[in-house]
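To keep things simple, chains are lettered A, B, C and D as they appear, and every chain counts its residues starting from 1.
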Amino acid sequence: MQEVMLEKAKELLQSGAVDRVLGWKAGEFAYDITPCVFASAQELEAGFVYNDFCGNNLSKYLIKESRKGGKVLAFLKPCDTYSFNQLIKEHRIVRENVLVVGVPCQGMTDGETLKAKGVKGILGIKTEGEDFVINTLYGDRTMAKKDALPERCLSCKSKKHVVYDELLGQEGDKLDSGRFDLVNKLEAMDPEERFAFWRGELSRCIRCNACRNVCPACSCEKCVFDNDASGVAQKAAADSFEENMFHIIRAFHVAGRCTDCGECSRVCPQNIPLHLLNRKFIKDINTLYGDYQAGEDTVSRAPLTNFTEGDAEPSIVTKGGKKA
Amino acid sequence: MQRIGVFVCWCGSNIAATVDVSAVSEALSHEPGVVFSTNYQYMCSEAGQNLIKDAVREHKLTGVVICSCSPRMHEMTFRKAVASTGLNPYMVEIANIREQCSWIHKDKAAATEKAIILGRAAIAKVHLNAPLTAGQSPVTKRALVIGGGIAGIQTALDIADAGFEVDIVEKQPTIGGKMTQIDKTFPTLDCAACILTPKMVDCAQNEKINIFAYSEVEEVKGFVGNFHVKINKKARYVDTTKCTGCGECTEKCPMKKIPNEFNLGLDNRRAIYIPFAQAVPKVATIDPDHCNMLKNGKCGLCAKVCSAGAIDYKQKDETIEREYGAIVVATGYNPIKLDQYDEFAYSQSPDVVSSLEFERLTNAAGPTGGTLLRPSDGKHPHTLVFVQCVGSRCSQEGKGKSYCSKICCMYTAKHAMLTREKYPDTEVYVFYIDVRSPGKNYDEFYRRAVEDYGVHYVKGMVGKVTPRSDGKLMVQASDLLAGEQMHIEADMVVLAAAIEPDKSARPLATMLTASMDTNDFFTEAHAKLRPVESPTAGIFLSGACQGPKDIPDTVAQAGAAASKVIGLLCKDQLTCNPCVAHADQLMCNGCSSCEKVCPYGAITYEDKEFRMPDRTTAIRRVASVNEAVCQGCGACTVACPSGAMDLKGFSNSQIMAEVDAICKM
Amino acid sequence: MNKFDKEQILHTSGVNVLKCMRCGKCSATCPSYDEMEYHPHQFVYMVEKGDIEKLMASKSIYKCLSCYACVERCPRGVEPAKVVEAVRLQVIRRQGANHLTPDDIPALLDEDLPQQAIVTAMRKYSK
Amino acid sequence: MQDVKTFRPKIVAFCCNWCSYAGADLAGTNRLNYPADVKIIRVPCSCRVNPMFILRAFQRGADGVILCGCHPGDCHYSTGNYYARRRMTLLFSMLDYLGIEKERTRVEWVSAAEGAKFAATMNEFVETVRQLGPNKRLEDLRCKK
């Protein structure tokens, strides 16, 4: 696939159809892939990669790139296309300036996950059927994908591109892979257990802002947490309350807009399963207000800017009810 | 730092009996920024107000906190008092220590403690208050009435009568609306045309009224006092300034077989036509779908016979742009389509007609010249069956309407009565579920139909109508009171179809950002207290676009809407509520979340150039709030993730300061 | 008034009889009207009143053709035919002694009995 | 652990200007009692209440937060309380998900005519929060003395 994409990118650059290419670039190590904008065939040849480490969601970068003038080619995975659509809906990306080429994705792993499984000296990776073959300093290692993929990919919502101008490879389908299983599990706990669980997770937060910076929905010109006038500005979480507040407010601000790409959890250096907060909102929205997938289209009204006269009352939560 | 004065009111013993007022003024005098603190028997009295005014001047106060009764009671009083000293009236905050403290609590210690906390919260808020100035916006002294039926006509006449200009936009070639098609009106039985056509003529002759017939509203921009409207004036292919309405052309046109809308397709008209003799404006219109000349350039007969030379086949649609101060919606209603009700054989037999068709069949200007004849064979009908509630009070999805159409009981009684009066040889049955006749002289009218005219009113519904080959209609119905099924051989069946808002209402509501209910009726600002205003400022409602209505109700509402419009147009300037939303454009993402939740359409977007931190410039889409339209609810402030949107007078920081003060004990 | 029977009928039919506004269109449309002692609108009304015994004793329940014309035409979506069906079912259930219990079924099974019949029997008698 | 009998919770009540604040005034006019622990903050509409305000109250030591607005369909601004209803439902559900006592938050619709309902609601809510004891799970120790 990497070769096909490289050829496509060079061809479009050559013909003048696009001026820049947004893709992934190899880092110092095989697994530390970074998003990159390539301006020439030479740059592409030198650095462009697409492999099983390319988990980064590229859509957020288009907010800036699409406003620079000229046309940019963006390679988007199914996941990324949802974020792309959502940003189009919010008028953040200039659609005319982007040529979207959909690329397939069979789940993306990352260095952290592999290292945690004891894989050392990683030099490269490739897919062979249901397995990853990881090339290391100590020879090849084969690992089943289901063991090597992060939770967000194991419970992938869709392999279908919801938007593209061109598509490379085969189009996939929407999946029903039980992405709310963990939310259900947490909901089934009693409040004390849940409190303990989240304290255990959120108390590790170091407020590095990685989750915020990578999140395609968290693309405010100025974040309330950086704005002294907002009354909630904070640079570091000094207290358990602030650890909770940052994540509650962040989840609330992206509620109905979060496409569930899972980037927040991927980049968290403390491995906090942040996407479980967002998924809770998604699940509540689906059960209370009807199924809604942010980014599926560019016109529908988001659940929090919409209502019906017969909506559930908040007492469904506070006084029990069907979710008791 | 603000210089704040605190004024604690005793309210006689209303407050002082349960709250230690001197302890409150003492405690609050130590709060940061407080330079003066006192208490007095009646702050709202003249002496009390003077005490406040003097203190503002003497201590150069920049903020005032009054601990007294509810702000709903005296906020305006104190604001006015403070404003008279030159201090901005929005620098006043009230701590409600009467209704929400002294009157609630019996324990003096607890009540005093709470009063102090409420006072602190008000002080904390005043620290963050900023002077607010109510904006002013000019008023264009002209009104637009959308819809030229009886509702629109009456509203326009009343507004014009007060001396203001009014434009009527009507999509049909003539004004008059549904009432022109009606024969007689209940409960007095005067003829509709006799009472309507003089009003139509009045409209045409009134120099303040401008009629844009055969026109539609295309775009509405602006806000109360300052609407900018684009009107599309459709091409009639006739120069209205030259046409004399002689009708020569409509006699000569060779296209004779076009269903006549005015008579609901019961007879035919030509391709060039005047809807009816009393049309206003009385000019001919060419139907481009059927005119041979327009379709393939062959004919031109009408141009040949027109002595005034009014025919213009090259005429084009014209866009008119006008400014208005107020807009009245009077888009009216239509009977529902009956094709979902095949059990009544409406589409199978021409002798099953809707009530409006029945009106035409009995109208002297109708297709039969006013003689009631069966549409199928032109014979005199002997047995007539009227069915009420066809599609009304029907909760079947996609079939009928859940509401009562209100007018059917009365017009059915009228039809039945008139039929019996004119043709005493007929048998007339009315099938009803309930007879609803609340209205002046309405029940008497219905009883006359039963008692004086011998109309058979049967409690029950018709289940099935079957056309027989001999031309009779077999009606199978329930007589619930007798407990039997009835079988009637009828000559005609008349269906009282439910009424629904005109199809043009929904897109119009979007243009006006006026809200609608699930049935597409316009919603009023308050169901009881503001029944002719839309929640959107400057938009008023007249007639059946707001809900089913008969003519008397429509005319009453039309007059009420006109008086509201006159009240608005009388003003030279509109004073706006200064507590409105405001977008900090530097932080705005342009994501449109706020726009979606704004019930007034007060938020618009513009592309603006900004200097970025890296000294480049970038064009960003940002929100701006129209302060004349914003009502200050604050829905947008919460929808905004970046906090760019805030509400003046109730800002995020002010409310949080209150929260802090309350929680700090 | 038989409260148990009424609730049972409301439950099995799933009909909200309170939606009826007594227009009689169900009876007006009923092809078996002349055959029936109690007519569709009366079924709805009598169930609302709890007058179940009379309905259960009447032959009317077997005169209903289940043509569903009343269901189709009812402007309020009351579904009278389902009420009639529920009364019919109530009568059948009262005849408990004439009927099998689910426990009786295994003994009666033989190899030639179609699977579908067994499932149907289980469904029917385990209600 | 403070004694349930002597514990006096801090309750913040956000009331919309048009219905609930007027309802609270009516409770006063009718001299209907409810505990002094309830302090009311006037907002133009229930939709003005940002989830941040509710968290702020808990941070600063509130033991319970209640939001009162016009009944759905009666909003002075026609649709405000519909948005507030969705926002609060989701926020409360999230707090519950994080293990924070859901009984500490509440939304009640109180019209201008429902003074008695306002007083009854406050009595009941204060009692509920009193039984729960002080808010420990969402507190900021720096804000407590």
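Rule of thumb we're sticking to: a contact is a pair of C-beta atoms (placed from the backbone, for glycine too) under 8 Å apart; a residue touches a chain by one contact, two chains touch by 3 or more.
Note that the coordinates shown come from a computational prediction; the quantities given were computed from them, not determined experimentally.
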Have a look at B-D versus A-B and report the one with more C-beta pairs in contact. B-D
Going by CA means, which chain is nearest the middle of everything shown? B
Chain located farthest away, centre of subunit D as origin (C-alpha): C
Could you please state the distance in Å, as a whole number, between where the Cα atoms of subunit C are centred and where those of subunit D are centred? 50
What whole-number Å value describes the gap between the mean CA coordinates of subunit A and subunit B? 46
Starting from the mean Cα coordinates of subunit B and subunit D, work out the distance between those two points in Å. 35
Would you mind pulling out the distance in Å between where the CA atoms of subunit A average out and where those of subunit C do? 55
Among the residues of subunit B, which ones contact at least 2 other chains? 597, 639, 652, 656
If a residue has to touch 2 or more other chains to count, which residues of subunit D qualify? 51-52, 56, 79, 83, 87
Using the contact rule from the top, write out all pairs of chains that touch. A-B, A-D, B-C, B-D
Can you check the complex and tell me which residues of subunit B touch subunit C? 343, 389, 393-396, 400, 433-434, 459-464, 476-480, 483, 485-486
Contacts from subunit D onto subunit A in the complex sit at residues 51-52, 55-56, 58-59, 72-73, 79, 82-83, 85-103, 105-107, 137-142
Under the definition above, what is the set of subunit B residues touching subunit D in their complex? 70-72, 96, 98-101, 103-107, 110-111, 113-114, 117-118, 121, 515, 523, 535, 579, 597, 599, 631-635, 637-639, 647, 650, 652, 655-656, 658-660, 662-665
Complex interface listing, subunit A residues touching subunit D: 186-187, 191-199, 224, 231-232, 238-242, 244-245, 248-249, 251-252, 255, 277, 280-281, 284-285, 288-289, 303-309, 311-318, 323
Which of the residues in subunit B end up touching subunit A in this complex? 518, 586-593, 596-597, 605, 618-621, 639, 641-644, 652-653, 656
